[in-house]
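One chain, subunit A, appears in both complexes that follow, with subunit B as partner in the first and subunit C in the second.
Moving on, here comes the complex of A and B:
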């Protein structure tokens, strides 16, 4: 019983982190067809800026409650500004090139961002545990869980719901769906595709930064965290279908539960389990569970 | 008068040029005529291991080499360079996808005379065979896996390691748990471990669990976790350890992984429910402070850092390191200091600062480092043994600093296997010949 409860909570807890870390990546791919390797760099920027800002703030001795505002604010500022800089300063000159070239370009951006974080924050680790501790813990079947973990699960659900609503219930979202399905027709209909590209990229990078910022209180923020997250994020969006926000959520849940099951029931296959699930899904659905339909162009 | 003045005008620049030439000449001649010892220094300069491990290692090498070249190290290392030969360091990042290719480049392209460093057991396992193939003096400074000389390079000539391997850390940890934590021992029936999924983690857990079983009867393994290195998220593993309800949980986590485990584990009460043993945790003390729960057993991979014995060399090292880098040295810095000083001791003993002289004289050498005596006693004189210490964590609320109490020091011969046995043979055989008096 205890193990079952633990598997469920740990599965959802890990899935929430995975979804927050990967949803920006799949959104950018869906709209722009750019496999944004630099996503890990934005995750790291978000984590560093949040840890740094929380560290500065907590030194003042004021209430920790305000850190729950500082964390997303840090992610929004750094994600928006850096996203704009990368898209306007570099990527817009590359549009129209092959996808593989964009992979190389965004990989270069990733390397630049990684060095930039080192230049700004150095190689020492940053810890900003206060927000994760302040809310305390709650016992579920005798196992203590931090309430902050539930906050992350809630945030992941809210981000998923917000994106669903934004894409399907707003005019801008519906126009974006049109751009996703066919850029050329969208442009012919008078939709400002370039603007949608910029906005989408900035939203994607901000979501990446938010993933890092929300994770910062639970980890030690060190150089290299961006490289680690990008591998997991790719596994998630490949399983869910590249470009699908709903797919990213399902992919995150599948990977989260695969890991939780293996950790609790048979730890030696923990690392292998994630890639086993990915291989099984791709064997049945080579483009992922919710891959976007591609129109055949002549 | 005019002529004299003109002569004066001419002679002043001439005199200045001559003086400058004379001033520069000895240096230039020295630089041209005196060969330097080109030393490759490899450690993590980027990635997750750089902050707690790689950069302190690099800094220690830089500090020691600079002082050595100036002849300002404390005795017995107060002579210049390697027996008079100046040392020219070349710093290389260990965070590479291909450490073997980087090693080959250092030897074949950069033509170094010797190499020192390597933090990760993964790196050491990869380059160890290459060292003997390329026939270049290489002194491993930190990596802990016992496989290096017990399985990979069994007849070393060019490869050395100036640090004890992981067996020492884990035998000492097991002894500390069983002999010095009565509260844990009284109820000790189940142990668990969370270690990284590579040679360092596997070896550490193997040695610790085997040692505990030898030291105390009827101890079972309740749970063992091997998450990926740099995973960062340990929610499921902590739940599994909590549900296992082990009396002792062992971890050889290091760097950012260790800090994440402490933050997440302490936040969920794991440290309060079980006796945590962290074998490589001195690096986290100044970062985490009060977040490390009191009573946690702290290891520093030897008598380093918080456990370093008082000596002129240690006093100089700590202060000089602090003055230059603004923090006190942690155990990777001590290990790097040991490695470089071992090369110097060997060269000074030979009276020649060459690769051949160091190889010949480092073998079997016993010398002093800032953390105490380093004895190249194993693997035919190529593998060091050192003493170690463990203690329990106590946060000092008055000073706001982390401290350790109940410190127990162990002789090298008590916690390292003898030369004729492998680590596993020695542990499972009941620590035959261990001198713990």
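Moving on, here comes the complex of A and C:
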């Protein structure tokens, strides 16, 4: 009984983190057909800036409550500015190249961001446990569970709902779906495709930074976290079908529960449970569960 | 009938040059040349896949299999004979690549890139969490023996260097043959238009599968040579950031010739020594910037500059 509850709690906890870290990747791919390897770099930027800002703030001795504002704010500022810089300064000149070349371009951006992070924050680790610690724990069927995790689960749900609403219920979102469907025709219809690309890219990178920032209080922020997260995030979005936001959510839940199950039932396979699930899904559906249909080039 | 083409003759000439270098250059530089030959084979493997339009972000998988086979053979089974190690590494690689090929040959473009990455990360995760194999620290390798002969000290280093040179150049010649052969032609056609290849009666899946296995084998050979040269293996060999460097080498050097990735690796390794010394935290930034510049201004890599230079020379000759 206790194991079951623990698996369910941890499953949703992992899933929320996975969704937040990967939804930006799938959004950018869906709209721009760019698999953004630098997503990991944005995740690290978000984590570092949040941990650094929280560290500065807690030194002043004021109430911890404000850090819950500082964390997303840090992520939004750093994600938006850096995202704008990368898209306006580099990527827009590369549109129209093969998808695989764009992978290499964003890989180069990833390398640059990694070192930029090291230059700004050094190589030592940053710890900002206060926001997670301050909320304390709650008993769920006899298991103490950090309330901060619920906050992350709530944020993940809010981000998912917000994206769903934005894409399906607003004018801009509907226009974006047109752009996804056919870039040239939508440009001919008078839609400002360039603007949509810029905005999508910035939203995607900000989400990546937010994923990192929200995780920062639970981990120690060290160099290399960006390289790890990109692999996880890719597995999640490939299971759901690349470019599908709903798919990313389902992929995150599947991977999250696979990991929670292995942690509690058979720990040795924890590290590759994620790949195991991915291999199983791809063996049945080669392009993921909710992949967009592709035409064949003759 | 000429048995060797121009590239192959150059590769043959390179052997005595390398052996002379062994005695002329200072030891630390010889080490870099040796290490780059091992890595160069992996870059070569990435290069031949790039010819088919396939970017492998997980070539470190086979690099690592090679290295760990060499290590485990001596650690667990007490085998230090380098030829036996090569045999085990090649068989292991053929099995792994043969099985994985069935999954990967269906994918192209980003899917191929990211799935090769994911597969290599499985090995990375496995090795990092295995305590018998020293987890993330890896372990040391003893010195190699050659058919019962166990050289010591400087002779050992020189023997391994010469063997490395012979194997690297032999692999390069074989790969050059492979690229000029039927599958080499088919894979270039696959990059252009896969469906038409199928219409012409060739199987794209089978060709990609064979290509993948060939690339895997030379990566494993590179891995054994690299591990033997360094005397140490770590799971980092399978990390995707390692594989990314091989991709970088090929982007920079170009896919025009089998020489390009080998020389590219050497240049990169020597540059790295200085860059890391001058400013340790900007090496990746330099790599990233150079990569972007290459993609934008020199899409066919440095080799295209060299080719253009040679062409200009030969077109001037008849006039003069």
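Here, the second predicted complex is superposed on the first by the 294 of 298 C-alpha atoms of A that agree within 3 Å, B and C clash if a C-alpha of one lies under 4 Å from a C-alpha of the other, contacts with A are read in each partner's own complex, and residues count from 1 in each chain.
Definition applied: contacts are C-beta pairs under 8 Å (C-beta built on N, C-alpha and C of every residue); 3 or more make two chains touch, one makes a residue touch a chain.
Everything quoted here is computed from the prediction, not taken from an experiment.
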Task: After aligning the two structures on subunit A, examine subunit B and subunit C and state clash or fit.
output: clash
Query: With the two structures laid over each other on chain A, which partner does A:104 touch: subunit B (first), subunit C (second), both, or neither?
result: second
Message: According to the stated criteria, A:177 is in contact with first (subunit B), second (subunit C), both, or neither; which is it?
response: neither
Message: For A:8, using the defined touch cut-off, is the partner it touches subunit B, subunit C, both, or neither? Pick first, second, both or neither.
response: neither
Message: Quick one: is A:133 in contact with subunit B, with subunit C, with both, or with neither? Answer first, second, both or neither.
response: first
Message: Quick one: is A:90 in contact with subunit B, with subunit C, with both, or with neither? Answer first, second, both or neither.
response: second
Message: One more residue to check, A:119. First (subunit B), second (subunit C), both or neither?
response: second
Message: Once chain A of both complexes is superposed, is A:225 in touch with subunit B (first), subunit C (second), both, or neither?
response: first
- prompt: First (subunit B), second (subunit C), both or neither: which does A:271 touch?
  reply: both
- prompt: If you lay the two complexes on top of each other, which residues of subunit A touch subunit B in one and subunit C in the other?
  reply: 114, 118, 123, 227, 268, 271
Complex interface listing, subunit C residues touching subunit A: 53, 55, 57, 103, 106-107, 109-111, 113-115, 117-119, 121-122, 125-126, 128-129, 193, 195-196, 239-241, 244, 247, 251, 281-285, 287-289, 291-292, 295-296
Contact footprint of subunit C on subunit A as seen in their complex: 35, 90, 93-94, 98-101, 103-105, 107-112, 114-116, 118-119, 123, 227, 231, 234-235, 238, 268, 271-272, 275, 278-279, 282-283, 286-287, 296-298
Field: Touch list for subunit B against partner subunit A, complex
entry: 45-48, 50-52, 54-55, 95, 197, 223-228, 230-233, 235-237, 239-240, 242-243, 255-260, 263-264, 267-269, 287-288, 291
Residues of subunit A defined as touching subunit B within the complex: 2-3, 6, 9-11, 13-14, 17, 114, 118, 122-125, 127, 129, 132-133, 137, 143-146, 149, 215, 217-225, 227-228, 259-260, 263-264, 267-268, 270-271
